[in-house]
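Pasting a structure here, questions to come.
As written, the chain order gives the labels A, B, C and D, with residue 1 at the start of each chain.
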Amino acid sequence: MELQAVVDEIVHEVQPMLGEGAVASYIPSLGQVPAGNFGMCVAMSDGPVCGAGQWQDPFSIQSISKVFSLALVMSYDYDSIWKRVFREPSGTPFNSMLQLEADNGIPRNPFINAGALVVTDRLLTLTGDAAGSVRGLLRKESGNPAIDFDDEVAASEAQHGHRNYAMAHLLASYGNLENPVELVLENYFKQCSLRMSCEDLAAASRFLARHGVSAGGTPFLSPNQSKRINAVMLTCGTYDAAGEFAYRVGLPGKSGVGGGIVAIVPGRCAVTVWGPALGPNGNSVAGIAALDAFTTRTGWSIF
Amino acid sequence: MELQAVVDEIVHEVQPMLGEGAVASYIPSLGQVPAGNFGMCVAMSDGPVCGAGQWQDPFSIQSISKVFSLALVMSYDYDSIWKRVFREPSGTPFNSMLQLEADNGIPRNPFINAGALVVTDRLLTLTGDAAGSVRGLLRKESGNPAIDFDDEVAASEAQHGHRNYAMAHLLASYGNLENPVELVLENYFKQCSLRMSCEDLAAASRFLARHGVSAGGTPFLSPNQSKRINAVMLTCGTYDAAGEFAYRVGLPGKSGVGGGIVAIVPGRCAVTVWGPALGPNGNSVAGIAALDAFTTRTGWSIF
Amino acid sequence: MELQAVVDEIVHEVQPMLGEGAVASYIPSLGQVPAGNFGMCVAMSDGPVCGAGQWQDPFSIQSISKVFSLALVMSYDYDSIWKRVFREPSGTPFNSMLQLEADNGIPRNPFINAGALVVTDRLLTLTGDAAGSVRGLLRKESGNPAIDFDDEVAASEAQHGHRNYAMAHLLASYGNLENPVELVLENYFKQCSLRMSCEDLAAASRFLARHGVSAGGTPFLSPNQSKRINAVMLTCGTYDAAGEFAYRVGLPGKSGVGGGIVAIVPGRCAVTVWGPALGPNGNSVAGIAALDAFTTRTGWSIF
Amino acid sequence: MELQAVVDEIVHEVQPMLGEGAVASYIPSLGQVPAGNFGMCVAMSDGPVCGAGQWQDPFSIQSISKVFSLALVMSYDYDSIWKRVFREPSGTPFNSMLQLEADNGIPRNPFINAGALVVTDRLLTLTGDAAGSVRGLLRKESGNPAIDFDDEVAASEAQHGHRNYAMAHLLASYGNLENPVELVLENYFKQCSLRMSCEDLAAASRFLARHGVSAGGTPFLSPNQSKRINAVMLTCGTYDAAGEFAYRVGLPGKSGVGGGIVAIVPGRCAVTVWGPALGPNGNSVAGIAALDAFTTRTGWSIF
């Protein structure tokens, strides 16, 4: 069967599921997105792209931005970030602060909030503009110069972000931030507020399916770096459900509370899905079902 | 380069590393194994086998046995084990009991001790002889009828096993054991005491590289089950260093305190290494280095 | 007002409260005690005793026995027990095993189960018969030679005691038991099964209100030791509600899941109450209310 | 022996101990206080005062201020603060954030930092000036209008206060602050920076030894409220060493990292000590030794 037909079928199949879960509502702007939206896109590493549903509608990528800030930091500064953040799964959710205290301020991995703050802090030091660098990478790799921050979402996050403030101050108390807490958080909230479509996101993620080669054909990351980011996505990319995601989907992936997920089939393609209603672990319910169906039909699991 | 040459080279390269780490000594029998031993074996899914070093010397497989007890339980009873054990990485080491308490007696995954006890308990119910079933599977898949328990090691584990007794009683207090604590532990200590060589272990693990097809050519597991065990190995197979293992090696793997590690390249081969000296996370130092070198040279990482 | 009248009034007042809470039912024998029972007794340090309600009916003293095993250990061996157990409040309930792990097997205080097991273990070493020693002390101080173990309760505890087995094995894994796990637990379950009335318990506790002087007039403990046991009771005697008990009652006290509580007014009297229905923290609901009323009316709070 | 002689002797006796422990140095201003200072004062509830050593030198009262903010809140608003903060000992130190997360933002007691922030927040709502109210109470009860904030210490705390910022934001994330985080922290740092001598502090604490009656002879707190604050001090007043303090000293007490401790003998006197060098739990080493000697000599322990 043609890939377009596979994607069409999957988008059709998940429709009954779009009512399940709940749209993130801790900030007003996110809560207004209709739960019935769903989009999916596959961007093959050698060019072809196909999509279905609302695959060209922009959404808030939120935590998916953490993949790109990590990639940027590694592109500048191969391995030194790993002195300031581990790369192990985080275990049970309630122990995030316990873990930081037990490990003297070294976050468990770059995809939990504490770790992502450290990565953003490092990127800020390296570039002077962490959020702008992430936006620049996404524009360049997707070819869409219109990709931008959603100032309302960023402001709303800042206003309701006491937990992130707590985390950033705790990191600072351990000396694990190089820049002022306010500046790190401002960049973090901005990078999370980036809006783009499944189509743009799949295109922008393609370098992870091409061993680090950028859209322009030049190496953005080394093959080794690309492989390693995929490994971190697999073990840590979907909050406290990384084991479940590996078990069901069998691909490296990173989700966001905006309902998006990006998954990588190394050497083959990048897949993006978007369905705003989230399950208990903060991952898109329909999105995971769609990716599960995708690897089942194509046989493209890495396992 | 030929695979045999790759394996020879790697075994040569890791020699200087054999002094690093420490041989497990919490029970006397394990502590007597010389740290200088090292073996490696690759068993291709379509038959050919090559090895180097002490690849034909038997060692105590310890926690590697957990892969086979899980496979057996899934072969009988597809998915019901997941009601009694999660499949998420365990996070920080010190919270194993905390986690059991927080999750009402459901262990985090089948490869931490608490979870493995639940799997052994289930296998005991299904077969009447959990340890014997694991031995039977290993004999059949490897073709070596001499594989057997090491009674001295099993007895020694029982004698020094207060922590496993504590864990089993805690599981029982939550109603998550079907059989008496003593019987479950006896089977658990026996299955962990199984002795076999890299060669036999690679042969016996080959079904996970063959989408579940057994040595005899018949399906032991479905392709889906095989894929899922690989996923659980990747996210949970190397104690608290699963993220590190995925990052460096990039393969599903399971280690044991006897110094063995089995890794799977899905669709292609099973690889086993054995080096008794362990790093701080309980994984063979030289073994991980050898597997890292293996995926780097062959390019057979799943990422 | 006369003390007898105060006690009569309090017993009258708590009657409507006897339905609140729930009788401990984790072992069948305890669950059969009618929730409507209530007794109270005050034993003045200089002799007089008064009581009301079912103050002469025996009940299972359970954890109250921990005060007497601690007193015995201190009587033999002044201060050395504190190398093996701390004397700090335990904090949140869910972290008992976490705490043991974090503190390398040293329990938080002698009144949580882990700490009481260590005390019983020590008493076993010192006397050869820990449970018998506790029974002997209670008989001697109360003057009632009929006080005895309830074998059915002890057997039932052993049968349902997986959590205590887990705790004891965990202590043993840290080398913090001198005797075999089974023997320690047997003594522990026996001492907890002791049955006696409010009257006998008040008489037997009087030495803590008399600066350590026994019923026979000779020093059982030094004044300093007696003071210190009272201090540990105040900070650690009522499970995770020690702060609440100090706040409401304002006396050193120790409760048991049989519904009994003993409280000490240093220099003045021992007070016992018994009401089998327990609140969420495992303390007798009516018992705490009665002790609250007692200090309010008499003004005998230590604060 | 006369009380003055007792105090003189104790101050003499602790001199060799003044080198033990370490002066708090997390902010520069605190670290400059000489470790050799020591003062002690006893203020009898019926008037007489005696002191020795540097008992008239001012020091930074730090966490001792938490007693007075709690007393003020209770004076306005009897019991409602207990909906927002528990009154249980905190258990092991490393779980402060874990506890807040497990209990949905309700701190364990009013004397750990998280709980004190909630009390200050409430006082801010009730009075519009929390720090000013605490200063006003201390001036009035001590009769010394010169008692004041140390602006340098307060500013230094704010600058190095990432951990308190983290805690305050975490409380805010659970909706347990009524006022802006910045304002609460400003008041908190100011109240902690108050400087006064042992003499003034003993006089100002006397109402807790007089069943709530203020220096002016009118009730500031009810007898019941006074009793309850003493109970909370006993179970929670000395960080993670409350059990130890009760065991050794046997009095309700509250310590601060400036090296001061206030202890109450209900119905009799308030005792203050000051020695800047702290033990591992953050309490003055010589101060605790002095209080231990005090209750041993006078027999005024509450147990």
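Just so it is clear, a residue touches a chain if its C-beta (ideal position, glycine included) is under 8 Å from a C-beta of that chain, and two chains touch if they have at least 3 such contacts.
Every value quoted in this text rests on a predicted model; they were computed, and no experiment measured them.
Any chain bridging chain A and chain B, meaning touching each of them, is missing here; the list is empty.
Distance between chain C and chain D, defined via averaged C-alpha coordinates, is recorded as 32 Å. Chain B and chain D have CA centres that are 55 Å apart.
In terms of their C-alpha centroids, the spacing between chain A and chain D amounts to 47 Å.
Of all residues in chain D, those that touch two or more other chains are 94-95, 98, 102. Two chains count as a pair here when they touch; such pairs are A-B, A-D, B-C, C-D. In the complex of the two chains, the chain B residues touching chain A come out as 86-92, 94-95, 98-99, 102-103, 108-109, 226-228, 230-232, 234-236, 240-244, 246-247, 250, 252, 266, 296, 301-303. Against chain D, in their complex, chain A makes its touches with residues 94-98, 100-102, 162-163, 165-170, 172-173, 181.
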